[in-house]
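Provided herewith is a single structure, encoded as C-alpha cells, for subsequent inquiry.
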C-alpha cells in the first residue's frame, strides 16, 4: 500500500521534473549558443566555444538602438499602464456605480482579443487618421493599451482581498481621504501594483505582433530579431537575450523576496498572495463565473 | 536645408526633376537587412565627405510588407522621413505608377550615367531610369547541397523529383518562383500571358499539397539549406555565394530554362526631406571604389562598371565570380519578369498567396 | 456629530477586528493619529512611548502587528485610539476575538486603563457577564432600539423588558394576570397557580397580562410537602434536568403551565448538594417578595 | 490505531474549523463518508436525511456551506462525522468559533445528540465551563501531559494539581507546610497563619511544602471581630476589590502573606449584599474542613 | 452638498483616464477596422466604402481551412498544456514546501527570454539534423527521412511551450489556496487519495483550470509566430493570414473581415466556456472566501 503510494509520488515528481525540463531546455540552448563560435553567419550548429560574442554584444549594427528603444518603450508603457490601470481597478473595486458590470466586461475584452486583431485594428485607425506618424509614439500607445487590462486585473485581484476596516480606522484617526489612500491603501496594494508593473514590463519588452503593425520605421528588439531571423541570428543576439534573462531573474528573485515580506504583513488573506508575475487568475475566474 | 517635395499622385511624365539644393546634414535610407558591408564604409565615407549623418534603417524585409507600411504616408505625399528606399523592380514600377517617387535629375548623378551596366540601363518599367537607380541586382536560380542530392539539378523540373520530397523550398516572391517555374514550362516570363503564369502556379500548388515542397521562404531559406533541412531550392545568387564561403557543399546553378534577373532599386519617395542629398548619395555609391566594398560583402550582381577591376587586385576570387560579375553570355540565360497591369498583378498575387498559404 | 466626516469627529474607535495597519510598526500605528494633527515630532514620540508604556508594550514598539499575539494586538489598537485623548472612546467588541482566559485578563486591564485615563468608554459587547462587570451604565439594545439604560445592578435585578431579562442572565418569566396594581406594588395571578405580590407595579394596570421575573439564584429549592416558611411565595413543579457548573448546580424546573424555571443552587457545601432533588422529582421554588419583579407584556419586545 | 491510514480508522473528527467542502451541498458533504464505503445509493440518501433531521438541517440540505450561519455549519460538520457511526467521535473545539449565546445553545444540543446516538465523544475544549457541563469524564492536559482524569465533580472539587486547580475554575491556593499527614487527612500550617486540617492527605508527607485549595463559593465571608462559629477554620485578610456578576458578587481578599483569595458571594438576597464589606475593609474567610483540599508542590507542574 | 457630489463623481474620475485610453485606442480602432472590412478596392486604386458584406463570406470560405486549423492547434496546445501543467502545478503547490517560489520562478523563466528567440531556439532543437530528430529516428518514432520541423508537431509543440506558463500559474494559484484541512477531512471520512483528489482537490482547483484554459487558448488561437517560424504554409493559422493580408498583400478589407471573424469566434467560445465552467469556478472561489 504505502509502497504503491510512494511509487505514485515518485512518478508524479518525475513527471513534474520532466515538465520543468521541457520549460528550461530552449533557454539552455540559447545560453549555450551565446558561447558558440559559428562559421559564417549561421548560429545553429555548435562549432566551438568562444567568448567573442560576450566581449562585444553590441557589435551587430543596430541591435543596440533596437534594445534601447525597446527598454524605453517598456519603461514608459509600464509606468503609464500601471498608473491608469491602478486607478481603474480602484474605481472598479471600491465604488458601486452605474455601469460597473459593463465596464468590467469592457476591460476584459482586450484580453480575449488576439494580438493580431489588436495590432491590425490600431493600424487601421492610424492609417485612416494618417496621424500620428507611425513610430515610437504609436508603439507606446499600443503597448499601454494592451497592458492596461492586465494591470487592472492584477491590481483588482489584490484589492478584492483588502480589509476595508483599515481605511475606516485611518479616517477614524483623523486621516483625510487622501492621507488614507497615501498612507494605508497604497502601501498595502503595492505588492499587487508591483506584480502588475512587472507583468506589463515583461509583456511590453517582449511584444512583437502588435508592435510590428504599428512600428513604422522604428525598430524594437523583437522587430530586429524578426528581421535578422530572415537571414541569420548572430550569437550576439543570444548574448543579449541571455543578459536580459539573467537580469529579469535577478529582479524576480528580489521581488519574490520582498513580496514574501509584504505578504507576511499584509492584512489581505494570505491566500491572496500571488506569484509576482502571477496571471490575472481571480479576475478570469470571476469572469468565467459571471 | 530641405528641398521642395513634389506634389503626390502627379503623373510621372509631368513631374519636374528634383531641384538642385545644398547638401543636407542628415539622410535617411531604408534598405534590406544585411544588404551593405558590415562596417557601412560608404556611409562613413559619405559623411566624411559631405558631413551628412546617415540614418540607415534595415526596415525592408519584404516588398509588399514595406509597401503596406508606407503606402498611407506616401499617398499623402509624406515620406515618413525617408530619403531613399530600396525595392525590387516590380515594386519600383508600382511606386512610379502611383507617383510615390520623385523624378531624378541625372545631371546631378554623373557617375550613375557613366558606370551603370548596360543590361540594366533601360528596364521595361523605367526605360530612362528617371525614377530608380539599381542598388544591387541578383539572379534567381537553383541552390543545392552537393553532398545531399544524387545528381546536380540542371533545371527547375529536378526540384519536382520525388527523391527530394520535403527537401525543396521556393521563394515567397511571386515573380521569382512563378517566373522560373513558368520558364521551365516553356513560357517566356518577359512576355508570357497570365494563363501561362497561372499554369505554373497550379503546378507549384500541387507540389506544395503533395508535400514535395517543404515550404515557401524569404531570406530564411539560407538557414534550412545550411542546416541541411532543405537540399535543392529556388534561391538567390548572392546568398549562394556567401553560403559557399561557409560551406563548399552549397552550389548555385542557373536553370537551363532561364533564371530570373531582378534588381533592387533606390528611389526617392515623394516628400523626402533631403531629395537632393539622396541623389548625391546614389551618385556617390556609383564610384567603383565605393561600390567595391559593398559588392565584396553582399556578393550580388554588381550594377557598377569598373568595380571588377578594382576588386581584381584585392580579391580576385570575387572579381572572377560570374555570379557577381556576369558576362553577357551568362546573362542571356536570364529573363526580366514583365511588368504586370494592376489587375493581372492582383490576380496572380491572390492565386500565389493562396498556394503559399498566406 | 454624525454629519461631520469621520476624520473630524472628536471620538476614536477600537475596532472589532482591531484594524491595525499591517505595514506600520506598533509605534507607527500608535503615532498615526497624532501625526495627522500636526503635533511636533518629539511630542509625538513622547506620547506614543507613554501610551505603549500604559498598555505594557514598550518592548514591542518596533514589531509589526502580525508578530504580536491577539491580546497584544488588542492593546495596540487601544493605545492607538487612546493616544489621541478623544472625548469619547468607542470600543466595538474589543475582546470578542480573544479566548476566554485572555478575555478575562484584559477586562481587568481595560478597567484599570479607563480609570487611569478617565476617558468615557462606550463599550459594545454581546457578552452579558462582560457588560455587567465592566460598566458603570449599561444600555441594552434590541434591533437598534434601546430597551433599558441603567447601572448593572438595576439592569440585572429589575430588567425593564422581557428582552432585557432574557439577554442579561437567565430569565425566569412566569406569565400571569395583574389583578391589582398601585404605587407601592402590584398583585399578579400566575398561570402556574399562586398569586404573587411585587414591590413595584412597573406601570402595570390591573387586568392586563404581564410576566413575573425571578433570577435563578434568588429561587430557593425545597422538597414539596414540608411547606417551607409559609410566609414566602412559592410555586411547585417538576425537576427536569440538573447541570453541574462547579461553583453551582443549575436545575431546570417545569411548572404546571409548562414555564421552565432555572434555579441556581450554590455548591456551598457538599451534603447540601447531595440531597438536592434529582431529575424527575417534584420540588417547590420559593423566593422573597423583594426579589420578584414585574415586566409588562407590551414591553416584551 | 495511529499507524493505520486515516481512511481505515474507525474514528471521525469534527474539525476546529469545520473543514466543510465548499463546493458540495450540505447533503453531499454529509454523504461523502458513506459514499467512500460503498454503501448503496438509497441507503446513503436515507441515512443522510436522517442525520440532517437529527441536527435540524433538513431544510438546508441543498444549500452550500457558505450560505449557512456559523451554527448551522457546525451542525453540518457534526452530521458529516456522525453519519458514519464511528466507534469514537473526536470533536476539536467544535464550538470555539461560535459566539457565547449560540455556544450555550449548541452545548445542550450536542449533549442531546450524543445521548441520542450513544457514540463516545472525545471533546477538546479550552472552556472550563464547557468541560464541566458537557462531560462524563474530563482529562486535563498540560503541555501534552494528562494531569488528571476524573468526573467533572472530582476535577473541580479535588483537583490533582495546581494546574488543574487553576485551569478549571478560579483557584484559591494557600501555600503552607505539612506538619502531619496520615491516611485520614493531613495538617497544614498556612503561611497566612492558621493551621488547617484536610480530609485527605493527597499523598503528602509531613515536612513538605504544599498548597491548600478552597473553591471561591465554599468560602464564607464575615466581618472580623465577631468570631463566627469558632469551630470552622478561617483566615483573615483585606478586601481588595468587589465585582458584581449578577448571579453573585466576586470579592478578592488579600491575606497576610499576600496570597489573593477569590470569594463568590451568591446574590441570594439584596440586604445580604448591602452589608458586604467594601474594598479596603478587612474580613474573615472561613470554610468547612470537607471543602479544603491539599495539593502537593511537586504536582504543581 | 459639494462633498457628496465629489464623492459620487470620484469613481468616474478614476475610470476616466484608463477607460478613455481603451476607448480611444481599442474600441474606436475596432470601428475603423469595421469600416475597413466593408470596403472594396486595390492597394493602388485605394479602398472605398461600399458596404461589401461579401468580404466576410468570402474571407470565411477562402480561409475556413486556416480557421479550423487555428482552433485545432490552439485546442491541442491547450489540452497538452493542461496535461503537462496540472501535475507540475500540483507538485509545486503541495510538495513544493520551502522551494515553492523557486520552482515557480523556473516556471515563469521562459517569459524572460524574448518570445521570438525562444521560438527560434525550438527551431534549432527540432532541426532535421538535431539530436531530438536523430534519437526519435533511431528509436523509430520518426521515419528515417521524416522530420519534426515544419510539421504540425513542431508548431503545436512551439505553441504549447510558449503559453504553458499561462496555464500553470493560475492552476498553481488555485491549488495553492486549497485549505489543507479540507483534504484532511477528506481522508478522515474514509477517502482514498484518488477519492480525495477527484472529489475535493480537483473541483476546488476548477477556477484555475478555467482561467488557465482561457489564458492559453486565446493567445494560442491568434498566434502566427510559431506557424511562421516552426511551420510552413501548410501549418499556417488564421493569424498568419491576417498579418500577411494586412502587412504584405495590403488587402485591408479581407484582413479586417478576418480579424472580426476571429474576434467573434473567440468571444463566443469564451462566453460558452464561461457558461460551462462558470458555476464550478464560482463555487471554487466562494469556498476560499470563507
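A few notes on this one:
All chains are identified by letter, namely A, B, C, D and E, in their written order; residue positions are counted from 1 within each chain.
Criterion: a contact is a pair of C-beta atoms (placed from the backbone, for glycine too) under 8 Å apart; a residue touches a chain by one contact, two chains touch by 3 or more.
Just so we're clear, the structure is a prediction, and the values are computed from it rather than from any experiment.
Steps from chain B to chain D, minimised over paths through touching chains, total 2. Ranked by how close its C-alpha mean sits to the mean of all protein C-alpha atoms, the top chain is A. The distance from the centre of chain B to the centre of chain E, each centre being the mean of the chain's C-alpha atoms, comes to 39 Å.
If you average the CA atoms of chain A and of chain E, the two centres end up 15 Å from each other. If you average the CA atoms of chain D and of chain E, the two centres end up 59 Å from each other.
Annotation: 96 Å between the Cα-based centres of chain B and chain C. Counting partners per residue, chain D has 5 as the residues that reach two or more other chains.
Each of residues 123, 127, 129, 246-247, 284, 288 in chain E touches at least two other chains. Residue positions of chain A touching 2 or more other chains: 44-45, 127, 226, 229. By the definition of touch given earlier, these chain pairs are in contact: A-B, A-C, A-E, B-E, C-D, D-E. Within the complex formed with chain C, the residues of chain A that make contact are 163, 165-166, 168-177, 179, 183-184, 187-188, 262, 264-267.
Listed in rising order, the residues of chain A touching chain B in the complex are 39-42, 44-45, 61-62, 127, 130, 133-134, 216-217, 219, 226-232. Of all residues in chain E, only 10-12, 14-15, 17-19, 21-22, 25-30, 32-33, 35-36, 84-85, 87-88, 90-92, 95, 101, 103-118, 120-125, 127, 129, 161, 164-166, 169-170, 172-174, 176-177, 193, 207-208, 210-211, 214-215, 218-219, 221-225, 229, 239, 242-243, 246-247, 252, 255-256, 259-260, 262-263, 266-267, 270, 273-274, 277-279, 281-282, 284-285, 288 touch chain A in the complex they form. The residues of chain E lying in touch with chain B in their complex are 42-46, 62, 66, 123, 127-129, 145, 147, 149-150, 231-234, 236, 240-241, 244-250. Within the complex formed with chain C, the residues of chain D that make contact are 96, 99-101, 126-129, 132-133, 152-153, 156-157, 168-169, 215-218, 220, 243-248, 264, 266-270, 288, 290-291.
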